[in-house]
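In the two assemblies presented below, chain A is common to both, partnered first by chain B and then by chain C.
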Partner chain A sequence: MCARPLRTAKLLKGHLLRNAVVDRQLNFLVSANVLVLIAALAIAGPSFVNVYNLQSMAVQIPELGLLGIGVALAMIAGNGGIDLSGIAVANLSGIVAALSVPLWVSPDDAPLMFAFVFGGVCLCVGVVCGLINGLLISRASLTPIIATLGTSMAFSGISVVISNGSGIRLGYIEPLDDFGHMAVLGVPICFALFIAIAAFIGAALRFTPFGVRLYLLGSNAKAARYAGFSQRGLLLVTYTISGILASIAGVVIAARISSVKWDYGTSYVLIAILIVVMAGVRPSGGYGRIVCVVLSATALQMLSSMFNFLDISNFFRDFAWGLLLLVFLQVSRIDLRSWLVRKP
Partner chain B sequence: MSNSTMTASDRPTQTSMAGLSGWLIRHPPLFTLLLIVLVSLVIGAISPQFWQVANIFDMARASVVTGLFGLGFLVVLAAGGIDMSFTAIAALLMYWLTTATASYAPWMPMGVVLAAAAVGGMLLGMCNGLLVHYLKAPALIVTIGTQYVIRSFLLTFIGTELFVNIPMSIEDFGKYEIWRVSTDNGSIAILPAYVLVLVVAGIVTWWILNRTLMGRAIFAIGGNSDIAERLGYDLKKVQVFAFAYSGLLAGVAGMLHVSSNRLANPFDLSGTELGVIAAVVLGGARITGGSGTVAGTLLGVVLVTLVNNVLILAGIPSTWQAFVVGCFIVLAGALFATRERR
Partner chain C sequence: MKKLAVCALLLGSVFTIGTALAAGNKTIVTVVKLAGETWFTRMDEGVKDYGVKTPGVTTSEIGPGKADAAQQERLIEDLIARGVDGIAVVPFDPPMLEGVLKRAMDRGIKVMTHEADNLKNTQVDMEAFDNAAFGAHFNDQIADCMGKTGTWTSFVGSLGSLTHVQWADASAANAAKKYPDMKLVSAKNESFNDANTAYNKAKELLKKYPELKGIEGGSAVDVIGIGRAIEEAGLVGKVCVYGIGMPKDTSRYLKSGAVNGISLWDPKDAGFVMNKIAHMLVDGTEFKEGMDLGVPGYTNMHVKKGPGKGIIVTGQAWIDVNKDNLDKYNF
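Right after this comes the complex of A and B.
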């Protein structure tokens, strides 16, 4: 009865629809976001969604989100991949830039120039740190945990030494401060940048050979070896990207709080891992979506802001996050797919 | 990288380069021993204070808590897991038990308190083991979660204040001496008795790993859990045992920390887990499991304690500690990675 093209179109449409509905992690995260939002509205009232609060939540997301994407990339690469050095790289790049850039560019005479050089120096530090991690893991075959544990201590060690253990104040530098706080069309600049970076990396994972190879390496290292691409090169690129993302987080931190310190955000290592696990990235490698990482970061941020509204202590928030991590490890093992698909 | 360091140091011994590096790679703890000797010689040459009895006793005292943590971590690591929660377990038990003893039963002898800490640590460790087993997630992530839960449980529900009025029995325990030496300049160096706890724990851990069926099972599961299960080893039992043992030692270590410092600070010990992991890895245990020795771990503990305590004697600012330990980890990791490729 049906003409063939129509049928294929119908099938295709069904396929797309099913794909959209079936990614349970995505559904789960979207509903988690909505639930948290509803709970926050019910508890904290409509002031939770006023522009001011939304913006203040949005500027807090990029730091953790960027570190989370870095951890996610390392995890997707498989073979015990993880990047524990993220926050150490972020702090180191901020400190190096804060110490070196004023020597070349005066923040008072050329603030815009200063901001750009600041960002540039941070990125360079990120590339170097990422390359060190990547080389240790790909060339010297260190286990990622050991390599990044060692480098995270070494990087924060360097931060302590060059900053002498104390914080460095940047003062008010307009372009940098704007980057941390100002909103264009209601969207804070650093949040927009974060979304752009996340979209870029998500697209790279999905549509480029890099992404295909990374998923292959993570899901089946042996098959990847026979596929004939350079695994070492791939790992090097992955950890370098992770380093760059961490250094961007360093710029965001410096812009937001106008100072840098070696021990800023020591608990971020754990929270970044929490975000990534909540996002459903498989710890053994081979699966993970960047959009889920972003959604998981927003859910956590809203939850944290809700606790702030309720005036709940930070310690209790950490308690809740630890419990959440364990709960999500359990939830992510229940496969909703089976009964979602068979219904029609 | 590691090869060049080794050859630089073995030139005086006139051994052939390849022979020595090959030997070192087969016996990873020797690399740590070499680093210890090197650091000691260099710092001893710069500062004569290093070889004084007082300094050596200080180091022995400082390595007790790290050593206990390290032995527990070694057992978990050998079984193929990773424990990130031991410092939280230690902090929770030391603060809880100290405040509870002080307010309800100040007459309680230290032996009972230590036993309670051991049992409490064991129970928390068993929870870790069961969670790791049933969630089927990497132990690193699970124990990061439990670390958060335990530490923030302590800070939210039990207390955040420094507690100084610790019971007499706990305070006295830290004061027992086994060796008192009068030094030349008139001061007195004391080796406290609780150092013996580390010695006992070392012997027990060695016995478990090398002389019991459980030790066999731990190394088998850590080496390859699939094959070990097919051989009939009970994965759940071994995992629960390893984490429970680590928790037990953590509980004891927490109480020793209180009795040596004579105060209980709920914020203490957090963040020391990286140093402990560094010590165990420097001791030659593979991070992927299935290997490791008690002697190597204790050597690693000595090295980390050395770096943390005596850099200052050599005129190096203490800010370099983290950097030096980090470099040692990378160096040791690179060396052991070479071992695995052969």
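Right after this comes the complex of A and C.
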């Protein structure tokens, strides 16, 4: 897959050549996406790339992708950073909104208003949950994995209590349903939003002082301390963003399945981490690219949809994901540059 | 580069494992709550059986590897994209599938469900029997065993599993009406369809309520965990255990007396009938009161209106298994 771009790159000047192939993870993720697509086309047939299936896959990506970006940010911050509370925050925000918003706005009389207030309430819950995580980690200096595991259980607990453990049906609310399923110019709205958010966060990491500081904090906390910026503030902001992303995932879930429940997506916690690790985000902090997280999420989605097309057991899918992860980890270690240099 | 090639090869080998779809056949896919659970493995036999016995139909069963409504929803999402002809679903949590099943029907896919009589977006929901009667039947058995007096409790797979809750509620209502001396404590314990969780919960309950004399299992594996807890506590014969279960899985506890009896409907028959109904929908056959679906227990179907536009069809397909007739059931 890589051969042709590399051969052209070889003709270019040295530094350009280096830049073209410098991110092995990115190259590999792109090739993996293409490879999965080709394999799916070959095995599952052309119906795999018809508009409906592409849209159906795109619609399934945002919830996991948003949680993945949240985890990635926490990991980049270093010091064992991780956010296990994502799906719990998503469900809690959906449940709070589903219970409270109908009290103020009638979904039948003002559906658009309802959808916006619903989103607003979700975001508020996300901010609060993210702040709690951030405060526990930055002020109380708890290890992130313990802190977010604890808050995850606490948030789920609140969800169970306020919803009595049963699912809450939202019913058909047109603007919300459109957000979950409708496509504008062929692109589902929620997927477009996901890409926009990913692009925004990717740009923020690359071009703003926030991003530079976050990478610095993750790669060398001591140096970061001497650089003289507020580490606590940075961690607080990072985990709050993660909470907000999770609550957006909550809106997407509510829109997509028109109901909310406390135990929806309990398997997402580990899949989100899988996506992030496969994207090459360094678990010890200091490195990670959002574009890779997005590509990793799309590869996983296509792979799982392909298996569903073929009626392949879901246990095999778990196996394949695990295998894919190991292959990714191995391949990202191969240095293409040294290979290029050795060639005459 | 060699390494890269090896990796690519490895990756490629994953994809080459595929199954060819028979062309021209109608495709009906059965989506279950959880792949690999004994109940649904048995159901798979019925699903396959229907496909083998009926020309022109390809049937298969899939289910999520983890008990999670989100995973089941994604499976159906992909089935819609694949454009199958009929989907038969045993929902993990019915309301969570309303949206995706509506989309399936909007795309012209025929949808039938099992154990989901509160679901609006389905064309036919099939129940093996009247759930309230089934719940009351458990309660009558427990009451007889307990001498119509004493403390008892009940289990459900999860509070979201509709039929489990219906059985537990109907059982409680039956006791309240018929057996005033029976005291229900800590009703509807969740086992999350996991025998080990049921075992731990049962142990806790036996400790908390030493006077406990009856336990009703909700999910198909609850009685296994409960039976183990009863055996370990040396309470065989002192605590009455009834519930839904699989004969083979439960046989050890039925023989030892830790579990007094199980009642069930054969998931193989249910799988067969589900596919028969989905096939009837695909063919546009009408559903009539009293119709015969060709499987014992499903020979006189009761048809009534469902909560949505669809209908609910009910059979009379439960069987009681205890240590005396255990040998007759080899699954």
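One rule holds in what follows: the second predicted complex is superposed on the first by the 310 of 344 C-alpha atoms of A that agree within 3 Å, B and C clash if a C-alpha of one lies under 4 Å from a C-alpha of the other, contacts with A are read in each partner's own complex, and residues count from 1 in each chain.
The criterion applied here is as follows: a residue touches a chain if its C-beta (ideal position, glycine included) is under 8 Å from a C-beta of that chain, and two chains touch if they have at least 3 such contacts.
Since the model is a prediction, treat every value here as computed from it, not as a measurement.
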| item | value |
| --- | --- |
| When chain B and chain C are modelled together on chain A, clash or fit | clash |
| A:S141 touches, of chain B and chain C: first, second, both or neither? | first |
| Chain B versus chain C as contact partner of A:G80, first or second or both or neither | first |
| Touched partner set for A:N133, first chain B, second chain C, both or neither | neither |
| Partner chain in contact with A:T298 - chain B first, chain C second, else both or neither | neither |
| Per-residue contact with chain A, leading partner among chain C and chain B | C |
| Contacts of A:G322 with chain B and chain C, given as first, second, both or neither | first |
| First, second, both or neither for A:F155, with chain B first and chain C second | first |
| First (chain B), second (chain C), both or neither touched by A:S242 | neither |
| Touching partner for A:Q25 - first (chain B), second (chain C), both, neither | neither |
| Touched partner set for A:D311, first chain B, second chain C, both or neither | second |
| Where chain A meets both chain C and chain B, residue numbers | 165, 266, 313, 315-318, 323, 330 |
| Of chain A, residues touching chain C in the complex | 1-2, 32, 35-36, 39-40, 42-44, 47, 50, 52-53, 56-57, 59-60, 63, 165-167, 169, 177, 180-181, 253, 256-259, 261, 263-268, 304-306, 308-318, 320, 323-324, 327, 330-331, 334, 339 |
| Contacting residues of chain C [partner chain A, same complex] | 1, 3-4, 7-8, 10-12, 14-19, 29, 35-36, 60, 62-66, 68-71, 73-75, 77-83, 93, 95-100, 103, 107, 158-160 |
| Of chain A, residues touching chain B in the complex | 80, 82, 136, 140-143, 145-147, 149-158, 160-161, 164-165, 266, 270, 273-274, 277, 283-284, 313, 315-319, 321-323, 325-326, 329-330, 333 |
| Residues of chain B defined as touching chain A within the complex | 1, 82, 131, 135-138, 140-142, 144-153, 155-156, 160, 271, 274, 277-278, 281, 287-288, 317, 319-330, 333-334, 337, 340-341 |
